[in-house]
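Common to both upcoming complexes is chain A, partnered first by chain B, then by chain C.
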Partner chain A sequence: MSADLAQSIDETAAGNGVLGRLWRSRTKYLVGAACLFICVIMLAPLVASVLASVKSTAEAAAVPPTYVPQSWSLDSYLKLWVYQAGLPVYLLNSFGTAFMAIAFSLLLTVPAGYALARFPIPGKELLFVFLLLALIIPYQALLTPIFLMFAQLKLTNSLVGLAIIHTAIQLPFSLYIMRNAFEAVPIELEEAAVIDGCNSFQVLVRICLPSVVPAMITVALFAFITSWNEFLGALVMMNRQDSFTLPLILAAARTETSLGGTDWGMLQAGVTISIIPCVGIYLMLQKYYVSGLLAGAVK
Partner chain B sequence: MSIYSTRSNRLTGLLYLAPALAFVAAFTAWPLGQMLWVSLNSWSLITPPKFIGLNNFTKAFNDKQFWVSLGFTLKYTLLITPILMIGGYAIALLTVKNTPLRRFTRAVVFVPVVIGLGASSLLWYWLFSTDYGFVNRLLLDFGLIDKAVIWLGVDADRSNWAIIVSVVWKVLGFGMILFVAAIQAIPPEVSEAAMVDGASPWQRLTQVTLPLTLRTVLLVTLISVIGSLLAFDQFYIMTAGQPQNLTATSVFYVYLNSFPYLKLGYGAALSLILAVIILVFTIIQMLLTRRSHA
Partner chain C sequence: MNLKKLTMGAVAMATLLAAMPMSAWAEDLQMWERSGGNAGMVDALVAAWNEKNPDRKIVLTYIPHTEMVPKLAQSIASGEVPDLMGLDLIYGPQFEAAGQLEDITSYFADDASIKTASPGHMKVSTYDGKLYGVPLYADVSALFWNKDLFKKAGLDPEVPPKSLAEIHDFAKKITGVEEGAYGYYLAGNCAGCNIFTFGPLIWASGGTIEPADAAAEPLTGDAVPKVLEWARMMHKEGLINPANQAENGETFHLQFGSGKVGMMGTGNFNITLAREQNPNMNFGITLLPGLEAGQTASFAGGDIVTVPKGSKRVADAVDFMKFILSDEVQVEVYAKMLNMTTRGDMVDNKYYAEEPLIKDVAKAIDIGVTPYTLKFFELINSPQGPWLQMLQRVYYTDDPIDTIMADAKQQMKDIAAE
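Let's look at the complex of A and B:
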């Protein structure tokens, strides 16, 4: 609609007199104030956590807590670096699992999405419903039997095993996104390639893949976030401390030290480190994140 | 579809689909079948499984802690869902226009959605800690309380509210972003017509905006209800089920039985009961989304 129309409608709604103008400018400031208030509330816990992580050990344990650090120190990070098996081990476990989950998700759903979008497979609808099985059964309920199976396959305490669980959690979403992406590829390109003598695999790699890169980024993004943040599956599958992921070792640091006094500074250093990749990726790939969320929620 | 509709392509297609089919068969369908079978057995991992029919289910029916957990989970769900819906919708209404400040506010409200529930729970575990946390410090500084309150692990209701605050902070942006998309999808002519007709902002909300975004509201409500019924991380980290397992949610109780206690058969039976409850909500959700495609 035109700006003029919007203007005149606004005026109709609030009245044209002095009062109306006053009301409009007041609303503007109220909205601004409300927005700022909400931003402060939402950011305060994150800021508090980061600030707590750079306080000195003594200050991080102060009662009552100080709002702004009086002393600055990286002690909490240094302590976390050597905590138990050491931060590098836990970071590597978390990143390793997440990257395997990304790889598994793409390796499974790129060909499957291609097949579902293009090929005349007998019983395709039924197979698709079967592939979405994880939608109707929460993975939390399946962890007991999966644990039994993984115990036999020697996949407990294994990053591969955990990555399989994280892939399974995300599979319906990944598959749905990939199938839609392949359906949106213009088929004329593929027909031309076939006439030029390409087989279906060459068509997939050379013609389709470049067009579905955004969908692959979305799938990878969500696989990473899910895997990086997942807690219960890791808690069930990993019982040797050197195979813990980051959330597990932090939760362990919380319970263990609660007997002899929690190291709050170190705990918030851990929280800060585990938040950084998620927020960083979100800020870089915001567009993919929101579109993926919208697509996933109405699947 | 001409180039793909040959007979040999039926097989090729199946070949591309095979890895995903095998994966789902192995890691979703098989465990599901396994769960049904294990739930009919008494099994502690050390001794071999013993078939006991539906005994695990009758045991659950008479298990006080099972009902306490289910009741607590329902209470948590009933308390948090309206807060999330009304709060998310209010912020969506406030920020729905695309001005820089409103866009920024949306981005900020959404940030906690991407961080892990484990990390956010550890963060709030500290904020709510009695002596070291900012919540008590702020309340004391503003004179709202006289002495530090023990938020977590002593009183079930107080723990529940503390956790609700932390989870609202964490997931409010999820509903907001979906509501914003739904409100923005309302055709401008519709809201213009309402304005020309002289409808007040409240009338426009209740008679235009809300009805036209009702499906999204219902959908987000269901997603949120399902998520709340499956709550675990926040309770495991912030209260560990204390006091006396009064804040142990349903998933928590399944976890306790299956793993620390190793009552695998009973754990599977509890999982199955929980899965059936969730399934009811999932089916409603699927019916809603199917209609949204029509």
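Let's look at the complex of A and C:
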């Protein structure tokens, strides 16, 4: 894309002569080099942590650090795999919570966003702003009261309870996204559907939903990443080893001695493992971002 | 459409997980232990108990240790407390003073095993004459010396230093005897490492560090400035690796095993660790000395196990405490794993007999000092606290020792008076 951009800029600047062609190809390299530079900067920490995760424990903690592992070892991964209840349990807990958070977010924000965008609700704008207000209160401040309430409802130590919290953290932002997406759907499309005999539920399902898929994907992606990385809520809610999520276990696993000794290899192995699903989900969902789906729909 | 399947799948998985019943805990005892402690030891103790008590098993959960205090406060507030809790012994008085632990004095009224339990642990488990906990495991500090480097330096590898002056003389010979070898080790940016290994040098020489209460004087005794002068001399003469200035505790446990340190104060945990790191290295262990030959001290650290306020299974929890103090567990679990026994009278056992190094460390239990203060973190452990600041000025600046000590005393008094 950036190459196209460079090309179009060049064409206006240098014309199409021999000199122009030369200039064009040189700029292309320049843009390429700049892109490469940015990529390297972005990827360096990832590469460093993956490399550190395959070092032996002693080497991972060595001062000064080695850049490339002197000896390859999967010890850190093995240690993490069998840590306490075992990594699979924690992965399952984290995935379970994240998928529930996605489901809850979509189930709540799709109808709410549609209603706020389309229905003539009195004081709609006020209501919308009121719902967004939750963004300005840090959820950390609410955790203790939520915990005390959840303790009475028997929702502590349960993935459902944690998913509810993760959904609540993500809700205002998701609602904002969904409402804006529904507002972008041309009203003419819906009018046409109504003329064809759809009721408002059918309009939502048949006309609007397919056109807000990118927004739904965004909501799902953010819900997943928030839930997957969230530490404090999980720490507060979960009291038992077998209900811990991945971030909790990584925090517990990395401390090796009471004097602050850190098992860097194990920590980096945990970081690497926890990155994979985020990247995977992103790659899986990004193809649904179809830009310009509605362009020309009502010409 | 593919997306529909994906969504359906996500919803299906979510419902499935939501419907999944959480396992039944009714019969089990819940135990929390901080992470970063001696997890192997605690795992083994719980496993031994579970084998003997299948009808009241303990489910063990490690809590990230920096979150232990808020987590416990919150669980007490909501009534969802674990039945047993292992915590860093140094924080015992703080929890006891705050009324967050169950008084178990009456359960141990006629129990002989606590009479010989580690004195440092018992001291911090007692508040206002009431007992709140018993030792879970012990970490003691001692002086490790590398026999290979001693030999290379022309020293007798079987004779450890007996005073700070001897440490200095030996370190001088060892430094530079091979590439990267230094005589002694002190961590430059780790308050905990220093109270564990440098504190005993002061205690052995007859000095004190933290004030016991708001009225008491910190850093007393003529020995304190002398020990600090000694530490400055060790740095000035280059007998300590300058790179140690950055040590914030994260690699402290790996230093001795590197084979580049002639002598170092460290803990019993370092025995197995050093062997794993460097199986061919020969080393010995002796007590940390003071200014005069014959003076010795150690930091008795580790964890105590307590019952948080509100537990409904106090009697069962106390049974576990008695279980870990019993002769059988002391020998067959603690000693067998080559960990410290938590009772001084259990040191003579068949496992230690085969492992002289452990026996050498175990001597430290009886001379172990455990600071008793409600403000240990602020006074000693905090990276911004007066203890570490004082040491850093001693190690790395030319400020007069008197000034440094006067500043530290004032800061400690201010903290104690808060």
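To be clear about the criterion, the second predicted complex is superposed on the first by the 210 of 299 C-alpha atoms of A that agree within 3 Å, B and C clash if a C-alpha of one lies under 4 Å from a C-alpha of the other, contacts with A are read in each partner's own complex, and residues count from 1 in each chain.
Rule of thumb we're sticking to: contacts are C-beta pairs under 8 Å (C-beta built on N, C-alpha and C of every residue); 3 or more make two chains touch, one makes a residue touch a chain.
Treat the numbers as computed from the prediction; the structure is a model and nothing was measured.
In the superposed model, more residues of chain A are touched by B than by the other of chain B and chain C. Looking at the shared chain after the overlay, A:255 reaches both chain B and chain C. By the touch criterion stated above, A:136 is placed in contact with chain B alone, chain C being left untouched. By the document's definition of touching, neither partner reaches A:90: not chain B, not chain C. Contact with neither chain B nor chain C is seen for A:182 once the two complexes are overlaid on the shared chain.
Once the two complexes are laid over each other on the shared chain, residue contacts for A:168 go to chain B alone; chain C is not touched. Of the two partner chains placed by superposition, only chain C is touched by A:288; chain B is not. Of the two partner chains, chain C is the only one touched by A:159; chain B is not.
In the superposed model, A:100 makes contact with chain C only, not with chain B.
Of the two partner chains placed by the overlay, only chain B lies in contact with A:228; chain C stays clear of it. On chain A, the patch touched by chain B and the patch touched by chain C overlap at residues 61-63, 104, 144, 147-148, 235-236, 251, 255, 262, 264. Interface of chain B with chain A (complex): residues 1-5, 9-10, 12-17, 19-21, 23-24, 27-32, 34-35, 38, 91, 94-95, 101-102, 104-105, 107-112, 114-119, 122-127, 129, 131-134, 136-137, 140, 169, 174, 177-178, 181, 188-189, 192, 195-196, 198, 200-201, 219-220, 223, 226, 230, 232-233, 236-237, 240, 251, 254-255, 258-259, 264, 267-268, 271-272, 274-275, 278-279, 282-283, 286, 289, 292.
Interface of chain C with chain A (complex): residues 3, 6-7, 10-11, 13-14, 17-18, 22-23, 25, 30, 32, 34-37, 59-65, 67, 71, 74-75, 77-80, 82, 88, 139, 190, 192-193, 196, 243, 246, 248-254, 257, 269, 277, 301.
Those residues of chain A lying in contact with chain B across their complex are 1, 5, 9, 12-13, 31-32, 34-36, 38-39, 41-43, 45-46, 48-49, 52, 61-65, 67, 104, 107-109, 111-112, 114-116, 118-122, 127, 130-131, 133-138, 140-149, 164-165, 167-168, 171, 175, 187, 190-191, 194, 200, 204, 225, 228-232, 235-236, 247, 250-251, 254-255, 262, 264, 267-268, 270-271, 274-275, 278-279, 281-282, 286, 289-290, 293-294, 297-299. Only residues 58, 61-63, 84, 95-96, 99-100, 102-104, 106, 144, 147-148, 151, 156-160, 163, 213, 220, 235-236, 239-244, 248, 251-253, 255-262, 264, 284, 288 of chain A touch chain C when the two sit together in their complex.
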